[in-house]
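In the two complexes that follow, chain A is the common piece, with chain B as its partner first and chain C second.
For the complex of A and B:
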């Protein structure tokens, strides 16, 4: 029979051994890598970040050139990843809500459509879908015969959409105002002291949306480039479109694929969330005389949201990671920039470290925000009833 | 919006209720009719494209297919060997077929509850996998040697999948147990490893193992590219599966562990005979879902330059004569992936129903 203290000593030794061997493996790996890299004439360290790259990005929010330093190109890649992520997740959520509602509706035809969509999309690898959409988009008619959908032109060179003729600062400022408006609404609806989605906060929310929109309109009017029409529509002239904004096929493909693929998964989460609301709660609300809309907005939606949020967080993190698939169509997201930078500069360890750090940052941000919301909307002083 | 209006609504007369219900019913019927007719129309268009107007003759090219107005299955008729076998030598294709059948049979056999013990499943998979490997690689029993670089198509996809699951599953159990111990340093450092792997995109791990590793390690530690990729997949699978097993372990009632302790069972026996079997039982649907995800994610090897099912499909239409037929080729590949993953996920859903989980 071993005494208590000797068992404790054994456990301590075991732990020390485990942690030490892990550390040894990792350190040996880094050391070996540095020796091998040094043999190839690559100096470790982050000095290279200030050197110019010598290659050009295929897609960036701000025009880049081969003389830009590495840190700038990496930042642009990170922004591209964020842009695809935000757009893809927003569209996937919107589509998912539609699909999820169709899946639980009382209408048989809608249910069948929803089921077919979900099964078809979920059981085919995302990469096959990305390749398919890219092949489809690059085989659209040439700009000359572009498909016109209400002023938006679809062609094999991507999407041409109308844009406002405003200065860059006005666009940036209004984007900031828009983001602030969304944050204020989120704050008011979730973290309000009276409880989330409380009716008393709704006039305040309406007010903030109205003032945000008013400021944005003002900014657009102030930033209007004089002597140009307010709306710049793409027009076909010569061999290509002039005016408007151009959305590259690569960007369009990856956003479309993420939206369609994510929509099926979000749809299943939405469906699960609404099915988790026990019918008794809804019947109780109805028997109290609440209108259908109030039953939905006060009972069904808040309860379903609580069930959905943890799963939605995981799904969002998964989808953000999936945006790296853009590399197969040549979209210059963070991963592609890093892969190119590794083959061009050889700064392998540093680049892998940056990649890890960037994705950790994104994941931790999503997880923190959602945990905050989760604890803010959790039922207080109650056990969740099954 | 103001306070809820909780005063009594207008007294419901027979006429009011009836008219409201009639309108609701009418709207619902209209919506149903619209949706159903759209559904039937789309289904008919697909059917017409795929069967009625399709061209299947092996001599047909773009002109004949366009004239037919439907799908051009001629591309599949001409290129199916490339899609299924990749660069595998033509005379030996039967070996690839036999090897794939072995894996499929192994998967089907693993779904039989009578085989659900660690030893039986372990033996089944080892036998199945060894059979697959010997058939594919040859060099034994008079079969000619075919190196891994020449493997391709469906058999490469199945090889990566089964090898990574075979390595990943034991690794997942080890990781889950390490994370679940009461020793804080061990569980925390294991947790850090698992969370780091889970937070990275699979593609970046594949890239690091397949492309970057040879630049970083001494040549003798590098090994062949295909096996490095398999290790990367196994790690990623294990990190996710470990969390699923841990969830299952946490779902086992405390009393079970205490009762086993009271009977004087050692840690090893408690885990092997009491806790892990129950943990696997409750986490079975999630595990099968993870298998489906792992199977579909094998398609990512395209990015690091392997000739799997998807890559050989890409090659099948990227020639001058078939470049128009990409929809047919992708539909064909998607159908193959669909059969595997839909079958497996439906089995998972069946298990979930049978176990009475998922009922709320």
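For the complex of A and C:
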């Protein structure tokens, strides 16, 4: 015991020395940089965050003005990045499931379509694809001749979609309820592994979805702006559309590009996941008389999901970083806002630090959540995957 | 033998894999309560034959009747037949993401629409019977091979089938675990279960089988009582096979 504890102490001391020397080196660099910058007359530090920007954002979830301080504008940029990320990843996943399933389908035509899609999308640089979609979207007909798809208007000025005439608080509250609903379902299906919660997880999920939707409906009805129609549809008047919500081409482009590019990679992960399920388990399920749907939902899908998750995490992290390509079409994501702020304020290092910190925050969150899910659903008694 | 109330009635069964003729005009009738052991060298078609009975493999000629229902590739109610025909696999094929108990109650709940509490009670009864009642809340990966195979047998029995198919149930086991699985199969046989068993366990065949069927190159070469099979094989291929498996 004595030798063990003294070895532990020795290791702890070594680790402490190592961390201390690393910290000293980093601090020295920061201090040197500050001194040099001060000599050139550049103010370092984060005081500028409370100054107003003097410029306007082209796209923000909450209306902004040039008098807003930098921190607010950066926060809006961060939200834009998150929005593109969430929408892009969701669509990429949906598309990937379709493509991946097509790739392992017994139908030859579907398999060929899937393969062509994957080869085409994976072998063209994402940057080029972003430019391509932007060029395509900005060459759509003018609003006057907009393409009408069930009340959604597609034109060279972007997408005009119907929206609900409800107060902002009702929209925000419904979004929160929706997110909570998804979280409850995720928690029930992943972390409630035993006991009463596990046995009753399906009725509980159905119940939470039903009550979530009921609360959302109630919020919409309560938040309905009186004197306006419930649904505000875009109508063409004069030179442009009035009413509805406008989704600008830049936003539309970057979400589309991420969805289509990500869809190809997610498709390959989905395909690999299903191929990793051993045919023996599927045969066992069939031999018990399970219907095809039950074989899929109870055996194939849960097992494939376990094989997919580590790879999906990597892909999601990659796609989140790829949202910064929005800058090439002028979408006001965090990168774009930071780039503008650098030109305006000159606080290059601080700004890049914030940018890097923001992406670290998003991606470490994704990785942590995914790791938690991964270890919760890991097959017991088997070697941990990924 | 081929009375209409046979549990399984196979006639003129043919099966091809591409140009390879895997089953050639196979006839086999299994009466209710009968225990049939199928043996033969590897590649002789014994697994293909047993897998045709619950249509994990589809035959391309001949007829199969299981419990009075004629089955073929187009049968819609193959799932109804499968409810009554349990199968045990060489590699156990337990569902690794479910506990042993969940493995056993899945099909009774989804297919037979039994309530959870009833399904659990039945499953526990069978798990006790194969002596792993104390392992019910463990996952397959936490059990030994012999325990996994007994769990797989309990999973099949939980559907309360009328026929049990065994496809080399002890071939993937470590030698010291073979007997614990055979023990379970022997007691199942003693209770009158109709059993078709592909196995190389000749001791088991001698002890339990009513009939031993010997297959070679897709054909049934010999079909008779264990005594006549082991002591007076009529076919020289049977004799050669027996001399190889019984040598040790």
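The criterion applied here is as follows: the second predicted complex is superposed on the first by the 336 of 386 C-alpha atoms of A that agree within 3 Å, B and C clash if a C-alpha of one lies under 4 Å from a C-alpha of the other, contacts with A are read in each partner's own complex, and residues count from 1 in each chain.
What we mean here is this: a residue touches a chain if its C-beta (ideal position, glycine included) is under 8 Å from a C-beta of that chain, and two chains touch if they have at least 3 such contacts.
Given the structure is predicted, the values throughout are model-derived calculations rather than measurements.
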Partner, of chain C and chain B, that touches more residues belonging to chain A = B
Once the shared chain is lined up, is A:290 touching chain B (first), chain C (second), both, or neither of them?
-> both
Counting only touches as set out at the top, which of chain B and chain C does A:346 meet: first, second, both, neither?
-> first
Between chain B (first) and chain C (second), which does A:335 come into contact with in this model arrangement: first, second, both, or neither?
-> first
Kindly classify A:310 by the partners it touches after superposition: chain B alone (first), chain C alone (second), both, or neither?
-> neither
For A:355, select first, second, both or neither according to whether it touches chain B, chain C, the two together, or no partner.
-> first
Which superposed partner A:66 touches (first chain B, second chain C, both, neither) | neither
Which of chain B and chain C A:127 touches, first, second, both or neither = first
State which residues of chain A lie in both footprints, the one left by chain B and the one left by chain C.
-> 199, 278, 288-290, 294, 298
Chain A residues touching chain C - in the complex, by the definition given at the top | 194, 199, 278, 280-281, 283-291, 294, 298-299, 302-303, 306, 377, 379-382
Per the touch rule above, chain A residues touching chain B in the complex are 11, 14-16, 18-19, 22, 29, 32-33, 36-37, 40, 106-110, 112-113, 119-120, 122-128, 131-132, 135-136, 139, 199, 202, 275-276, 278, 288-290, 294, 298, 317, 321-322, 324-325, 327-328, 335, 338-339, 342-343, 346, 348-349, 352, 355-356, 359-360, 363, 386
Residues of chain C touching chain A in the complex | 54, 56, 79-80, 82-83, 85-87, 89, 91, 93-97, 106-107, 110-111, 116, 137-143, 152, 155-156, 159
Of all residues in chain B, those that touch chain A in their complex | 1-4, 6, 8-9, 28, 31-32, 35-36, 38-39, 183-186, 189, 193, 196, 199-204, 207-208, 211-212, 215-218, 221, 292, 296-297, 299-300, 302-303, 310, 314, 326-327, 330, 333-334, 337-338, 341-342, 345, 360
